[in-house]
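To keep things clear, I will list the structure first and then write my remarks on it.
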């Protein structure tokens, strides 16, 4: 397919490369153009504006946050203004429900199609084309995007024709991860102050009831107290929790664990851990228990 | 080995049977003696008092709570008064840290040995001899108990020579489960009010980051809203959270998620769900979000 | 003084009348013009647009929320576009810190002056010219506004030259009120389930350590379970808590009680109490304790 | 009246002196007898055992906690064993509901009377005979105790004939105080990080909606960051919150603010502030916001 790809961060870079390797014809755009060089060397064209990247059958966006997606979507040189009729905007960033609704409307009014397809997986999974794709939008559009999803992910979960649904699924998944990180942080603080070896404790947990990637990954980081370098920085985690709380408030759902995690992340950033991985909640909780490393 | 077994509830019943089948010579005791009949039919002897069951090399206790364990351990006809020198009291119930410390001292003073060996697993796992055993106590005693643990569980995790450590591990494991139940309850409330099919949502979670027994079991109950019959009733879960909070307070560790779950369980019981499974936190959270089934 | 007044709700209506009675020359504006009739009958002029009301030495805004203030402030017929040089925009609404900062900048760039002067007090206090005014802005501007503040309030507290400071003070004051309402709700639920007469309990509290207006007002409403008619509806309280949390997040301050109250308000609205007074937190907390009236 | 007084800490010392000055005949007992010297010099007799102090018409206990009250009440030389028939045990300590119920039963079985009469007020109020007394018990007994209450307090609030009711009232009052301390701590952290002068902020609060002793006292300590010397140490506050939570759990009432304060107090003690006043919650909250003094 003829497609555009906007947003070449760690995730986007890897996804775009997999699309190229799957044989798609790619036009890429990034705010900092130098990030596009390796892809151009591999055969992609470089677009100067977001709208220039949106001249094919579909344009994929994988940008940092709501603000960045607004910047590439709206305005004169933006996607909505330039995408051809019936072409698809495939929005794969983790964004808020309100913006997803707004883009759904804007593209429909412009005679285009909007699909929300956020992904689960860290950069290593993106590089290995092992992401999980959560997609929602018009059935025909999801069908058209199938080869794109297959090029970057190991499995696609379709959640109906209302795009924002996929964003709720993604945000709530991140919330569940956040609750794992906070709960593990609390359990490890108790274990450490009770004289229990953290690695032996983790071995028990992940061999029995919690034999899941989330526990292995974050339990390992907390047991090791290895919060740098960051895979996913605290302020980004705070952004996702904030979006989840906003979506839940709009839906009339209190999320007390999300509220609690939000407070802990704010505290972590205020204590100076804004450059640390969000698993540094383990350090926040340990300090609250009087543990000084 | 010549052993005693005290406490023939759903769990104890199954564990005692597996010990018998492994060839051990068993004397059993239960407050309600009729519960012992199937085991007696299978070859066990019946003891009238807890102390009568504590005449072999080891006596295992698997009772409901701290109070029940105090009742069988202390006093004239109790275990401490009657257990032979150097014999081992293997305490497998989920009890508090303070009582475990107290029993450690009492048995040492009486020239006996105390081992804490609580287990992870529901009654089905007990029946299949698939429990996980978390054991702590003097190394020699753990070695002596090895055949017992092997008869009832699939794996034993040894946590050093201080018995109460095993209780902290068990309680904190239950706390982690409780945090999963609460977090899933919140995520499902958001999913349902956002028009997302709960079973499809669960399928996504358990196929990706949360492919663990805890998520499959409790996610399934919450997605089905199937809170009866109870596998583990709300008041028992409240008891365990209370013991965890007490252990953490003694160790100087705040556990905000445990505090939150405690409040939700109290609310659930106050709303009339005391006979429901503790996964009925899903109902409490849904009601708080204005969902009326 | 020649002044404009925009926003004639329950509060604004009463404040404008007091300004008229103090001898000021008043031009008023309201989105629904019929609300202006009593004031016009009493001598005020009616302005068709916000900008038309902003032609004097000062214009006061007392509108519902951030969105309403943006609507009257920005755009062609708005205050910023039309206010004469050196004239003052006195913003008395309870708004967010970010909008206050934005208006500070906009007015400075337009050669005008912005003062934030939110008030404490319910409509009865506004009618009696007994409000408390919390003002911040350039010292000279505060001096010029003094007669206006004196016409509507019993006392003015000046908080320096940075306008947004006054908004933080107002929001944090509302947060403290919210914490009183939640804490009283919890205490009354315990009292009621313990067989204690709520009115006798309230008499004790307000005769001793809690002899303050906040406790008398909200304690009385909760003891009476008199949540309708609303003096301040739940969604408005939720808006203020949301603004407080946003201000605190920007400042790097976790506010766990505010997070908790936010969840309770969301729950109250989800349960169908959106038209009730925010003291209906008392009902939410009582229901959580299984109390059915 | 002929009365006994047990427990001569800061509070008890002052209360006993006021009883002496009101003309009552006093026999005093304290675990550390030297604390009794000033009272003996002023005319009191010294009793060697608690039971020896319980030989008059009434015996008042004002001890540190449940454990201390159990120690003086039960056993051979204790109050229950030695108090004459129809004499009254007036229990003025802040204790748990369960112990109050237990003492009610024990005294009734022994043909004696039990009255719970905890007090509000700090040592200065005790010295000035300005305490508030919260009393519950049989009406005739309350009538008999009236002169005692009048000698030590400025006002008595009677809460019916069930003694434990008075304990719930006292505990819930302390809980409300705790919620004030936590809420003020949060508000001051926000104010400080927003560049607001804490004392000016406090002046505003206590001149307007929060013109109550609780806000003046604790707001002053937090604004001054003056947490030592302690008027009421963190571990004692934690004990009271624990008793409140236990009473509420027994009554089926979740108290989320109390749970939150419990976590903060545990954290404060774990951080090393166990000798500080409980208003050092202000320091805990400030640290969580990244404020380093």
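First chain written, first letter: the chains are A, B, C and D, and each begins at residue 1.
The working rule: contacts are C-beta pairs under 8 Å (C-beta built on N, C-alpha and C of every residue); 3 or more make two chains touch, one makes a residue touch a chain.
A quick note: this is a predicted structure, and the numbers were derived from the prediction, not measured.
Engineer: Going only through chains that touch each other, how many steps at minimum separate chain A from chain C?
Structural biologist: The distance in steps between these two chains is 1.
Engineer: List the interface residue numbers of chain C and of chain D, divide the shared ones by all numbers used, and answer same when the ratio is over half, different when under half.
Structural biologist: Since more than half of the residue numbers are used by both chains, the interface counts as same.
Engineer: Going by the average position of its CA atoms, which chain sits the greatest distance from chain D?
Structural biologist: Result for the farthest chain: A.
Engineer: What whole-Å value do you get for the distance between chain A and chain D if each is reduced to the mean of its CA atoms?
Structural biologist: From the centre of chain A to the centre of chain D is 53 Å.
Engineer: Measuring from the mean C-alpha position of chain A to the mean C-alpha position of chain B, what distance in angstrom results?
Structural biologist: 38
Engineer: Just curious, how far off is chain D from chain B if you go by their C-alpha centres, in Å?
Structural biologist: Comparing mean C-alpha positions, chain D is 38 Å from chain B.
Engineer: Could you pull out the residues of chain B that touch at least 2 other chains?
Structural biologist: Expected reply: 248, 252-256, 260, 267, 269-270, 288-290.
Engineer: Select the category (line, ring, star, complete, other) that matches the graph of chains linked by touching.
Structural biologist: complete
Engineer: Hey, which residues of chain A end up touching chain B in the complex?
Structural biologist: 120, 132, 134, 155, 157, 159-160, 162, 165, 168-169, 172-173, 175-177, 179-180, 182-184, 186-187, 189-191, 193-196, 200-201, 203-205, 207-215, 244, 247-248, 251-258, 260, 288-290
Engineer: Across the complex, what residues on chain A touch chain C?
Structural biologist: Residues 238, 242, 248-249, 252-256, 259-260, 262-264, 266-267, 269-270.
Engineer: Any idea which chain A residues touch chain D in the complex?
Structural biologist: 267, 269-272, 288-290
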